[in-house]
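Residue numbering begins at 1 within each chain, and the chains themselves are lettered A, B, C and D in the order written.
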Amino acid sequence: MPQLRVGMIGYKFMGKAHSNAYRSLPMFFPNALKPEMSVICGRDGNAVQQAAAQLGWQESVSDWRTLINREDIDLIDINAPSDAHKEIALEAVRAGKHVFCEKPLALTLQDAREMLQAAEEAGVVHMVGFNYRFSPAVRLAKRLIESGRLGKLYHFRAFFLQDWILDPDFPLVWRLQKEVAGSGSHGDLGAHLIDLAHYLVGDIREVIGMSETFIKERPLASEMTGLSAKGSSNGPKGPVTVDDATLFLARFESGCIGSFEATRFAAGHRSTNSFEINGSLGSVRFDFERMNELEVYFTSDDEDVQGFRRVLATDPAHDYADAWWPPGHTIGFEHTFIHEMLELSTAVAEGRQPEPNFRDGVKCQAVLEAVEQSVDERRWVAISEM
Amino acid sequence: MPQLRVGMIGYKFMGKAHSNAYRSLPMFFPNALKPEMSVICGRDGNAVQQAAAQLGWQESVSDWRTLINREDIDLIDINAPSDAHKEIALEAVRAGKHVFCEKPLALTLQDAREMLQAAEEAGVVHMVGFNYRFSPAVRLAKRLIESGRLGKLYHFRAFFLQDWILDPDFPLVWRLQKEVAGSGSHGDLGAHLIDLAHYLVGDIREVIGMSETFIKERPLASEMTGLSAKGSSNGPKGPVTVDDATLFLARFESGCIGSFEATRFAAGHRSTNSFEINGSLGSVRFDFERMNELEVYFTSDDEDVQGFRRVLATDPAHDYADAWWPPGHTIGFEHTFIHEMLELSTAVAEGRQPEPNFRDGVKCQAVLEAVEQSVDERRWVAISEM
Amino acid sequence: MPQLRVGMIGYKFMGKAHSNAYRSLPMFFPNALKPEMSVICGRDGNAVQQAAAQLGWQESVSDWRTLINREDIDLIDINAPSDAHKEIALEAVRAGKHVFCEKPLALTLQDAREMLQAAEEAGVVHMVGFNYRFSPAVRLAKRLIESGRLGKLYHFRAFFLQDWILDPDFPLVWRLQKEVAGSGSHGDLGAHLIDLAHYLVGDIREVIGMSETFIKERPLASEMTGLSAKGSSNGPKGPVTVDDATLFLARFESGCIGSFEATRFAAGHRSTNSFEINGSLGSVRFDFERMNELEVYFTSDDEDVQGFRRVLATDPAHDYADAWWPPGHTIGFEHTFIHEMLELSTAVAEGRQPEPNFRDGVKCQAVLEAVEQSVDERRWVAISEM
Amino acid sequence: MPQLRVGMIGYKFMGKAHSNAYRSLPMFFPNALKPEMSVICGRDGNAVQQAAAQLGWQESVSDWRTLINREDIDLIDINAPSDAHKEIALEAVRAGKHVFCEKPLALTLQDAREMLQAAEEAGVVHMVGFNYRFSPAVRLAKRLIESGRLGKLYHFRAFFLQDWILDPDFPLVWRLQKEVAGSGSHGDLGAHLIDLAHYLVGDIREVIGMSETFIKERPLASEMTGLSAKGSSNGPKGPVTVDDATLFLARFESGCIGSFEATRFAAGHRSTNSFEINGSLGSVRFDFERMNELEVYFTSDDEDVQGFRRVLATDPAHDYADAWWPPGHTIGFEHTFIHEMLELSTAVAEGRQPEPNFRDGVKCQAVLEAVEQSVDERRWVAISEM
């Protein structure tokens, strides 16, 4: 009988979200294989010990290599900064562990491919953390598309708009450094949009993009946590080496056309992760700031009452809703992770690959890099070139 | 063959809206009987002469009695202040003229009844200016109800919220003086809600209300026009003798229950005239600030896509839409008057009574007064008592 | 040093929400006194044993009297059906236990007063479950009002609209039976509105109401859980003995006027718990279906940019936000209970009464009963009469 | 003293909108130079005679060349199909007439440049019909930007989404034929977005675009008017020679980056003409389906009440509002034309060029063609190349 004893590496923003998910799974999905919150790992021994206590882990360690080789661990959960994903994942799968890895899977497409290959050769379960797939409203969009209720898809348009670094004095946190983060808004936010596009519409054929770094230098960070940080505008500065905003146009294999925008400079948008899809029979619209809602339009509605419906995806007819509260009682950001861990746990129990897995991570990375190449070379780039 | 030579008494806010309606009718509804903009009348001869030129009237006069007795006039349009309605209307119908009268029909129910009786005895066409009935989105609500698509109606809830006298230094205009205006928010705004309730739901059986005058004294007005005016906060003050806000609960004859609120003290609401109706099979929602839209809900929608639809009432399937612009191209406040004059003109052409007519004005007045009595006597008042 | 070993009676909808709150408190508010999830109690031994396992309680019992007298319990959490509240609470406080009681505190005002008196005499901590106070957006409304940023309050208007019993074949669950539930929409939904009114605006002076039971008979329930249930439309029926909808008008002691509506017959509204408050300097608007948002209007905004702002109450400046996710990442229904338990735990730690406590429960009950009396006697009823 | 005797060529959708504007100008803007509705011109003599009667023109003719040379005409208004613009405009300016020309100015950039040059050499007043500039809410956006209240602009993103040809059986009207229309969604809808970008943000430096024709063949049209038409799905078909959708990315000279999308295949969007602009100090958002509203965000708002404000641009502080109705009383699509004609009339009276004029038409055409070239050559195209 399968077990799911978790060793988690990383304990900041995502570590908290994952911990809460492992912890909540048995209460709300009692039939799922229950994750054991065994070991949490971080470089700063004191900090990780404190995190273990707060987040509910049985044990804390500071050396991830030792953790990976422990026999009492079934799954390694990687939510350390992006530049550490590859090395940890490769070691973990070599040690025969299942791996859950936060997005982006790696800093480069080549790294991502190595990780996928290694995981497949090792025969372990692998998953990548595109959590937005697990919003009930997004699942509803997926069902409408799959069942043909939107018809042939013509348009996909998606935005991930934030404004947390709009202030030029916001300091140079790791997310603004290419060597740690890989890219800026593109890999952080755009990656989610690309995965949603893959999930909802299908494969992308070619792309052309545009990137911009509006603020070229920022104060060095003296302190940081989650998405917030402190620096001094009078202190020393360093160069921002990632994009503040990246936009691109895309053609899907199906003939659908798409536009994507990721930015951290959209004043007033704390975290607008939104998309709209237009098909021959209808449309859907989603905005994560109102994540319980999906707007839905059907051309087949009676002529005098055609219009976008605001569907609250909290009814029994909606995915996951039964596990939560009565209709009209909403859920939040963290619930996407609980549903994500449900898929992980179920896949382990059933001995299958979860979705999205490293294969989806690689696909996303291919598009990310194709966009970057199209920006550098100022031309359309086919995904097949990558 | 019928003619529609109009003599209009009053030339301010409503005078402008009516003039525009008469003027626009032939362009957008070329099959309608065309109104002749013959004579405009106002006490101030110079001002009314200027208004005639601006608003497109052939002639201006300052004595309404003479106007009423002219043979070359078929219809008297009364939009003078409310305290003048009765006298003018009685004279006009005695002279055999058709009458269009702005709401409220009169200052009292008894006056309104006299007007109705006189008009009926004279056999003229009579109409009262409840213009909101003529919004395409309201018409759509009416059709949904009449065709049974909302089922049995349970709830009607309506608000007319404004904030133009929120400032305690806003002066004591005529709309704040009982002897001229009859009542305050109740007769001005609540009257529209009551008429919409009659139109959409049916007759009201009993009511109980609550009124408040938040600001008891205001500076005397030195100048006023439309809904705006100027006064001096240091100058002399006078008592506000009408209600700033009136709310009431109601039972309809059909078993539906309702709540009504009219106020001029709702900060942020320039003119929110909104209602919602809940039936056994669906609901509708309307807000005049977004007058082209009706939100519509059906219980019969598929379980996973139930939600209020935002219907833009600009499609060919909607009343009046063909006369205007392509779908998605909206109309505004003034168009309700054009549609209203279409009904008036058509009724005259067809020799029938338009809707709403004095009968509706009397019904509205009965409810207004029943509410006032319920406020005074602190008890439920049946409309049948009135 | 205070302890918070909890014995919880009830394990359905509210039991799950409370369990999740106790369980989550230490992770998100690590400085709070940590509740021990000691014992869960329910009449059906097998079911409660299963609930204990799923919801994370150390022990389960089926006799609440024994539980109340255990020395290793500090707090009794009562979320059994409403008709059991009084007896349990009285016993609990007599045993010296702190008590958290779900709303409504009791079936009658007299019962509620007895409970308050007993709790005060026993000197225990007592709290009542008006969880909506603990939405960050509602806290923001409270701060705006308290700091005077809305000025003098003129209007309070509130709605709690649901549609879960719209279908006449929905069975006769306990919430539709007066002897168990006390009242229908009024006590279930209206109670929340009344508490929010007390919290945000202050004491109510007098009320007049209207009630309706649209569907008088329903099939007997064969099975029920949470807000859902099954029955047979062909089977035996029983009388609905509570209100389907209750509306009332109110005057506050401060001069503010209010209107309240609670209904379970508003098609399309799964759980619209909304209010709007208009003051001399601004307004706020809230809808629990979009619970992360507060709409805010200020009269002092520049003339050309006045309008309701959609504030997402997820910024560091908002209550509780720091404990959760970065700005723009929303929370849900269950979080109100976590915040509620934070207040409870903090009050126990600090040896003070939490807010809202039994005093607030009594105040709410007084208004509920005054409204019922006003419905029965068809007259205004002063709260001071109660 | 200048006169404005108008000869208008074309009498369908735009002809009606223009007629209404000329007709309404004197009533709502009595101080403006009054246009004389002298002559209307169309190829079908009977139809244009009927149009003259309905739309209020003194005379109708069927030969535009004669019209252009009449001495009693000061201005030629061109709203014939796009392929006729150039020839008429060139003749008109040669005859010394002022010219108002609907957009697009011409079918090609070269044609547009000839028209501008001819108009400048002739010294006449010339204007192009980008009517959306004249929405009060758009004017408010312009003022906020010009006064620096949005700071440095980072993002412009704009959509013009329609769905009127979503049905594959919708016939092959002239707007779908390249030789008459020049282009499809790009020139029809995208042109408006480009002009708004120029107006609000400034010059565009370079673009890259993507186009698609989703439905390649359609039934030949048997009848058409405005945007609606009839054909037979069984009858003969012809090729669609214009784009159904065109998207492009852009860099502005200022460093702002933009994305544009025009489509006629967005189910549920009757006419969503919307844009959002993000600057260092704030953002604005506009959607023509709610044209009276502008959403506005300021970073300088107090930390706890930051959010997009829904500003209803109907207050005295807003452009044109004084001419219309009290605050909160909205206007519609046709009003943009009345404001447009106000600018035209004022420019003629003051002997200056109106805005937007042929120079703006040329600028727009340059971007349109640069986008087309970028689509053909699959590369970024600089506007300076054109």
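FYI, a residue touches a chain if its C-beta (ideal position, glycine included) is under 8 Å from a C-beta of that chain, and two chains touch if they have at least 3 such contacts.
What you see is a predicted model; the values in this text were computed from it and never measured.
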Using the contact definition given at the top, which chains are in touch with both chain A and chain C?
B, D
Give the chain pair, either B-D or C-D, that is connected by more C-beta contacts.
B-D
Which chain maximises the distance between its CA centroid and that of chain A?
B
Just the number, please: Cα centre separation of chain C and chain D in whole Å.
54
Could you put a whole-Å number on the gap between the CA centroids of chain B and chain C?
41
How many angstrom between the C-alpha centroids of chain D and chain B?
35
Tell me, which residues of chain C touch at least two other chains?
269, 306-308, 312, 315-316
For the complex, give me every residue of chain B touching chain C.
154-155, 157, 159, 161, 163, 166, 208-210, 212, 214, 245, 247-249, 251, 255, 257, 259, 261, 263, 265-269, 276, 278-283, 297, 299, 306-308, 378-380
Where on chain C is chain D touching in the complex?
140, 143-144, 295-296, 298, 301, 303-312, 315-318
Complex interface listing, chain A residues touching chain C
13, 16-17, 19-20, 23-24, 26-27, 30, 53-56, 162, 164, 226-228, 269-272, 288-292, 312, 314-316, 324-335
